[in-house]
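Chains here go by letter, A, B, C, D and E, matching the order in which they are written, and residues are numbered from 1 within each.
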């Protein structure tokens, strides 16, 4: 209970920002910047005015939010696996990195929307193509940070594992990965929010549902509170996902916090 | 030259890697795996990209995009690194701001750019603002995570000689975090390029790679032009990344020496 | 000058808490060189870090020149036990030594000069341009000693400063420390595992008990100065004191640290 | 941009409040007259310098208008009415483009089982933008064949990608315009299913030039000069197809050969309230607008 | 068992190159314990790293059991001079010790048992659950000794393994090393700065000259076994050998490492 209250206490800035936002938008009276209360009303109408037995979620909410979040998780997990595996390989193998690195740098600079037609051609419309887009868009921070982490393992740690004859996989799982883990986590955290962004982008063409589709729909209908409402949903989702992520990170990296604490 | 020394040649290996990708893509088109109507052949696209190199208008577009990119990236670093240090060293400020930051992080460019259009009357400013908004996250997060990795004993050493917190930040935390910040900057560089192009694409304008893509939208070969422009974006990514890597190698030779850098 | 009273420190909390310091009382006069010996893991480094203000002890007080130590006191230098981690890999050895001198308001050429001199004194004349990771362990240790000496602090804390150098160099460094101390009126606390060394360089030898550490013995070393590696060590008083300290240290360990 | 500095300049430029304006345009045939006017110096004759910037679409362009990076922009009328009904204060100052038969068609693949619009029930149709002219026009065709918008699924794809989507079978039909209509017939042998600009949408107004009401009230002379210059170009575009064919390759990536064969709409020479009202009425009928927006209110002269 | 012939190593190149090893010849028989002493920075660690295959020497050969050492030999354990950086901070002390045992194909309970036993032997009975950064310097050093001992290698290389522990613990660890060696027929190379220690534990003491290092002396230690901290050190042969080694080490340093 105390912990819950303390966690709540850490959110003190949120009401402050909300009030300031409300005041500013009310003063400005710009139709493009509706006040949060208006946005909230619209959000309520769009997503939270359903029947009580469905937790007040509307059809639109049930149709769009879970599908989108599902794709997001699939994309993020896949990107995590690909990014870490490829990143560690590139970080540890100079030869491989000489061949692959330019491709990585090339791919990284490509705007993901420009590749939508390509993924459409490969996977046609649907979840596969959307997940492919998400993966392509968010894998880079994980990949780069993993390869950075794997490349810069303390020399003494590597020598220790060499001397005690650790096998390649033991060395990987017990030395290289843990040592790179703090950096990998930085990449994963970056990618989590990017995944939300890419989720929206992947729903822009040829799509009939999802949060991104709703955003587009609201933009097309000049429904500005609706646009802002979608942005708010994205933001809140981002905050929640990040909070869960940080809890997981704190468990996995507890040694890191301890080892690097200064008093 | 022996085979060994050929494999040591980064340029050659990279070229082989790129050529490999090209062949795979071409084959996919030729064998009908990807219908050329749906997505153009690799050779067609590369042909177009090469043609563009001789197109003065397009080169002006590239220069214009690069201008916004460079300004945006510079501003990104100037803002994100100090803020990262602030948040990384003052956990209270960080946890207070976290909900707001994590809320802002997942706002997609499609929602962001229209807002930026409303707020900026100058296109260049608009582009730079959008770039900074999207590109500062990797620098910020990598700075914060890098700070956690600073050897506490190194900080204590300086403190014991009576240096204040700012001096410790500047003389210990910054240099030892710098290599990881640099990785963040490399991530940001690609994101900045993507956002520069997206801002031109969604916001319009009179020059820029994105505007070029817009203008070709009327053509029946629009996809070829888009992908050709994308190849240019990728090439810019490869070149800028090599420059960054070169600079990192000079600046952080101590880091490589200590960590058995695989090159 | 330095007064420590009833200093306690507990690492962590709950059932896994470790009582490192169990109430230490100690007074060090201006200009004194006090050697601290004690079993491995008893809390010597913890004590040193409390004095340096790097660790906030859970109980008791440390006062320096009459003022309680809240944060790192001015005019202090520390030679850390883990010397290799306390050198900055991104700076040359010369810069590592010269860096703290900025605090003294020295200009660049004077800093450089002082660094070169200090490096020469520890036998690393040519190493100023190298990086710490290009040096051997003993050389790194000597760099960190040079850094502390060049700083000429009023209070110097040394945590096993001569552990990684050969016997001859060790003797030379001991003499160097004694010389610098008398020239510049430093107060020095020196942690060592070498009982001979503690008696040879110390004005006093403080023996700590095993954790939670308390002061188990505090011996004044009354040897004629200036000390000399050969004559001092042959002095019967030296031999007697050394045996005395040895007995105290061994007494601390009523349970064996290493099982037989 | 309506700061005093602009107004000060005006004295020097023949009494115009602002001698240089920036206008957004899409790289499609609709905006041909803008480029003709620039090329032939019609704006210069009026003492006006017009800088044309490419924009992605009506919505973003309107945001640029409000943000101030554009003074005027090409936009399609459906977007304009939507924007006005959402509370934006916009004024249409010139008409640009109007549909002709076969300028906007529904296309189906070569051997499609879909023979009449009635067969579209339950099918997927590609449009370039949701809730816009495409869906509006297709829906009016569907209505004529006893279907509603709910009987089909609209998917959004850029025009150039529609051929591929038809070929892949991702969509069953595509609503397209030139030059893609010509290309899709040539490249994949797609066939015309229906012309969407017939009946209620015959001669449908497509695009015009819009400014903010604020801009109009502060720069009446500038706008008038612009209108005069553009009107001359519209006249040429309307009467001389060759002139349009010649200008197209300069601002689009449509080559001369294609320009010569594509079906073009017409270039109206005057703003006509009753014609515009048809757009609003159809939008109300299909539920795009909750309440009718009188066309008069978005024409200069009326203060809405 | 181990044969080193004309081993040379040069760090870097160009004018800044450093000749660390200047042609070392050394033969170590199976089961021998050879102590290596030499001035600080002469190249002892470099020699050790060449034997462990961690460093490709610029000249000469190292053969182990008849085969040239190209990569790290099997069945080898090293206690690094920089012990604190050779422990993995993400693992508990117990896991650090148990990790190499995976190579020996031990199952989990047996690994854990072996680790606990080794930790007990070095006097860290209760520390298995702690993390390395929760231990004092000397305790960390003992963990890295425990890790090497638990591994029971055929060849053990120890680089100043007892430098950070108190005198009593040091003696216990010396005896422990001797005991383990005779039980398990290990060959051990031990670098130390403590001349007494080198004579006490070694079958042979090899003295290296200052850089570029060559073998300046190779003394067989003919002391009656089993050795004992008190009786052995009182043996006149011990006193004689110790003086001999001391003379050799001092003779190496014709220029002073520390200026007076």
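Convention: a contact is a pair of C-beta atoms (placed from the backbone, for glycine too) under 8 Å apart; a residue touches a chain by one contact, two chains touch by 3 or more.
By chain, with names taken from UniProt: B = NitT/TauT family transport system permease protein; C, E = NitT/TauT family transport system ATP-binding protein.
Bear in mind that the values here come from a model prediction, so they are computed numbers and not experimental data.
Fewest steps needed to get from subunit A to subunit B, stepping only to touching chains, is 1.
For the remaining chains, with subunit E not counted, a single touching-connected piece is obtained. The interface carrying the most C-beta pairs in contact is the one between chains A-B. Distance between chain centres (mean CA atoms), subunit B to subunit C: 49 Å. Annotation: 82 Å between the Cα-based centres of subunit C and subunit D.
Between subunit A and subunit D, the centres computed from C-alpha atoms are 38 Å apart.
Among the residues of subunit E, those touching two or more other chains are numbered 82, 85, 134. In subunit A, the residues that touch at least two other chains are 32, 117, 120-121, 154, 204, 216, 219, 256, 262. Residue positions 35, 38-39, 114, 118, 151, 156, 201, 223, 255, 258 of subunit B are each in touch with at least two other chains. Remark: subunit E residues 11-12, 18, 37-41, 43-45, 81-82, 84-85, 120-123, 134-139, 142, 159-160, 163-170, 172-173, 175-176, 193-195, 246, 249-250, 253, 256-260 touch subunit C in the complex.
Taken together, the subunit B residues at the contact with subunit C in this complex read 151, 153-154, 156-163, 171-172, 175-176, 252, 254-255, 257-258.
Interface residues of subunit A, counted against subunit B in their complex, comprise 10-14, 17, 32, 91-95, 97-103, 105-115, 117-118, 120-122, 140-141, 144-145, 148, 151-155, 158, 182-183, 185-186, 189-190, 193-194, 196-197, 200-201, 204, 212, 215-216, 219, 227, 230-231, 234-239, 242-243, 256-257, 260-262.
Across the complex, subunit C meets subunit B through its residues 49, 52, 54, 72-78, 80, 82, 85-86, 88-90, 99-100, 103, 131, 133, 151, 157.
Touching subunit D in their complex are the following residues of subunit B: 35, 37-39, 113-114, 116-123, 126, 201-206, 211, 214-223, 225.
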